[in-house]
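Letters are used for the chains, namely A, B, C and D, taken in the order the chains are written, and counting of residues starts over at 1 for each.
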């Protein structure tokens, strides 16, 4: 079933749902999903509406013309997407390929509503499996401690993002810190997987930190990347039990499964147009 | 904040959300929550709308007069509730009191949007804690295998339900099977906790069955009671890990925590007007 | 079945398990459980052995005489406990009574291998339910910001611990920080429940902190109390999912269930002689 | 660290642990892990002992000679394995390749203590990814409803198992029922993943069954294959929450993640020599 998805947020006011659903009804929309959330603290309303394209009286251009005045009157930010036009995704990776292989397999069986436009990495090893699935591989020169190679890498990624029209960048265990300059230029959301239950164990070697502290549960966190490292809005988290029997290596192993699961859930939620950011928090309609 | 809650279901049709939210908007409703679900298989729409009473232009009686024609035109079943009018609940119990104590404590700290009108039990032991919380205790004569005592017990419960205007009956580990005659007469929903992950291990001694089968996880299930034992619509389920080290007694102990949690979640969802039944399934807006 | 439980730790060396189980076998022990853990980093061995008292050739005194030389030769720390001699526990509480009621109910149905010698609290409200279960209630004068009342309270608790021969003190949402002086004098383990997934959200108002950060999961942590607040060895942790729909009040409510579960698991593990501390970590044989 | 692993079970008797650990100590074993379980119902003892090879006085042959008489006296069944001699595994697959890709990636990063000797499948699609990882691919003629093609396929698998010296066969969503004749001839354990929380939803289309029943949680089960379909001893299970919003397709998608996780855990436990069968149950030392 082809659907259209409207994702919007606006200052809380009476009649937001009635007006937007009334507008859609005027043009014959058959709603499949309607999600609403009112954040009482910030007094903001969030809406996600999904309806069948068949029988709906507006295309993308005429929707814009007809809806923009209404949205504007409500101070609304909004995006309209069509399920028939899947997003394009770019992936960055370093040496460890478990999140990468997990994502590429999901693309290969059609589980994610998107196509993978390229994978770029600063280690050569993952290139082979990327080529197996016939996805373009970009070899990045980035080396830790070498600012020049890093700047060149970011330039290559920016160029690929623009060339391919990529709409989401996924850091699938990419171990280089992305710069503020890159983030301000790339202009699309960037999702990262951090291998701890944030805000616990920020920074490097979180599994070592977790082992030292003697926690009984470890976690993983997928979040949008902002200039503040490990402080971006959280999209998805999950945890797994550990015990005194688990060494740091066991934590790393158990963590890999978490990282795959949590990153893929966040990527899927974003690509299904289920996530709206509100400052440092997220609304995830799932 | 005082709110009104409209819970409704109707055959799928274009404009259901628009019409209902449009109606509410006409009378000045400020929506706090709007939930919608379209079941594609049965082609049924479900809605839960919650709005502030303050500033809304209709009271219960005038709402009924104004909304009934609209609802009727859409073939809609609906109920309207006010958060300021908490439901009344009756509880049935046998010897084991863990679910009972758990629920009564939740009532005592105001966690459940309801009051407990009575507790009725066919064992005397739980009476003392019920009286501690100053709730009426009804002593039931029901004894396993004695049909007369059972019929008399059901009559006593029916009488109490009617006298108190109870709207939900909770079987908190009540070990007597309720009769079809009772169910047809009581006229209010009855929620039961079954100590297994249904549909696995129906019937008696589910923890023994689980141990014999060697499962690695056990569960508990809260469901509405129907004439088919253990086959009613499921409201809530949860599970806990077990291992070869756990004896049947350990399963029983771990299960108690599950039973408390799962039953209280189901009771809370029902009392918050978040549950709609569709044949043998439930929509739970949470 | 009456059992004896030997809990011990010693520097790693060949033959630790063989020597200790060989010793027990010499006196006819029928092992029910044998747990062993070798911590490779600290090169320490941990053992928990449980055997039937019936048919075992040593009583507590003669065990000590016979085993002490062997233990000493291995540099071993050890404790011997009998299941027929349940521990005594003291509980401290403030206004919120959900962990208290949960623990007292578990005592009442014999789920915890111990008796509750007293409950002491700096708010009067929990006194009634404590008396319902016929447990001595001690009214503490501690008021936040009043050091004199706090010192007097700690003195009263110390006195009760000594008088009753209490072996474990449980802080069941006791909202006063216990002093280093108290900890050094009390001479028994103190278990606390912190309402966050430590080390995230240390200190006050953890659910508010969690809401602000926009996490998708919240947790609770039971730990031994040390002078470093919220830094003591962790015994048990658990988590629950939250979403953008949950307000701080919802987090508090969901957290209550976690706190009850996690604290009772930690208390049960400790009282079953399943926990050994190694610096800031714990070995929990479960 | 190279280790030896002794896995054994015998009728319960005094001194089992002491005798076996005493024997190992005699030859200088440095124990890394010692696990023990006494099943009270069947009066059986289970032991898993792991020690460093370095400094141990017996090789495989001399261990057998020295230990056999002791084991025999205790009526013990036992196996001795060395971590330096990884097992060989064969995998059967049909069209869906998510469990296969998951397992092969784990082999590729050294997460499983084994090598994959071959993958055999009755659909051609998975062949390409198998060849990518340079593992032999066997194309099976089995077609549903064609007994001849099925018998030929089983013959080919038997031949491959024998030729390669495979010690574990993994059914990674192999959709053909294996025959009793095959099971009796193959002579090695066979692990299957069933896409439900057994014993709920045995047989075909378990996700459809689960949706129809309206459960709030779905599961997956890894078990040893016996002649009774879906009745074999369970090694691992896990679950995931579902809601009224999930269609059967959503259950299938969520289930894939469960299946991968649960099957890989069971395979890892078996290959780490952590599983002992006792009739229709398993002891899993993890």
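We take it that a residue touches a chain if its C-beta (ideal position, glycine included) is under 8 Å from a C-beta of that chain, and two chains touch if they have at least 3 such contacts.
Keep in mind it's a predicted model, so treat the numbers as computed, not measured.
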item: Graph distance between chain A and chain C, where chains that touch are linked; value: 1
item: Copies chain A and chain B touch via same or different residues, half shared test; value: same
item: Comparison of B-D and C-D by number of C-beta pairs in contact, larger one; value: B-D
item: Chain C-chain D separation of Cα centroids, rounded to whole Å; value: 37
item: Rounded Å distance between chain B and chain D, as computed from the means of their C-alpha atoms; value: 42
item: Residue numbers of chain D (touch at least two other chains); value: 37, 40
item: Touch list for chain C against partner chain B, complex; value: 97-98, 101, 105, 109, 111, 128-129, 132, 253, 256-257, 261
item: Residue ranges of chain B in contact with chain A within the complex; value: 14-19, 21-22, 24-25, 28-38, 40
item: Of all residues in chain C, those that touch chain A in their complex; value: 37, 39-40, 197-201, 212-217, 219, 233-239, 243-245, 247, 280-284
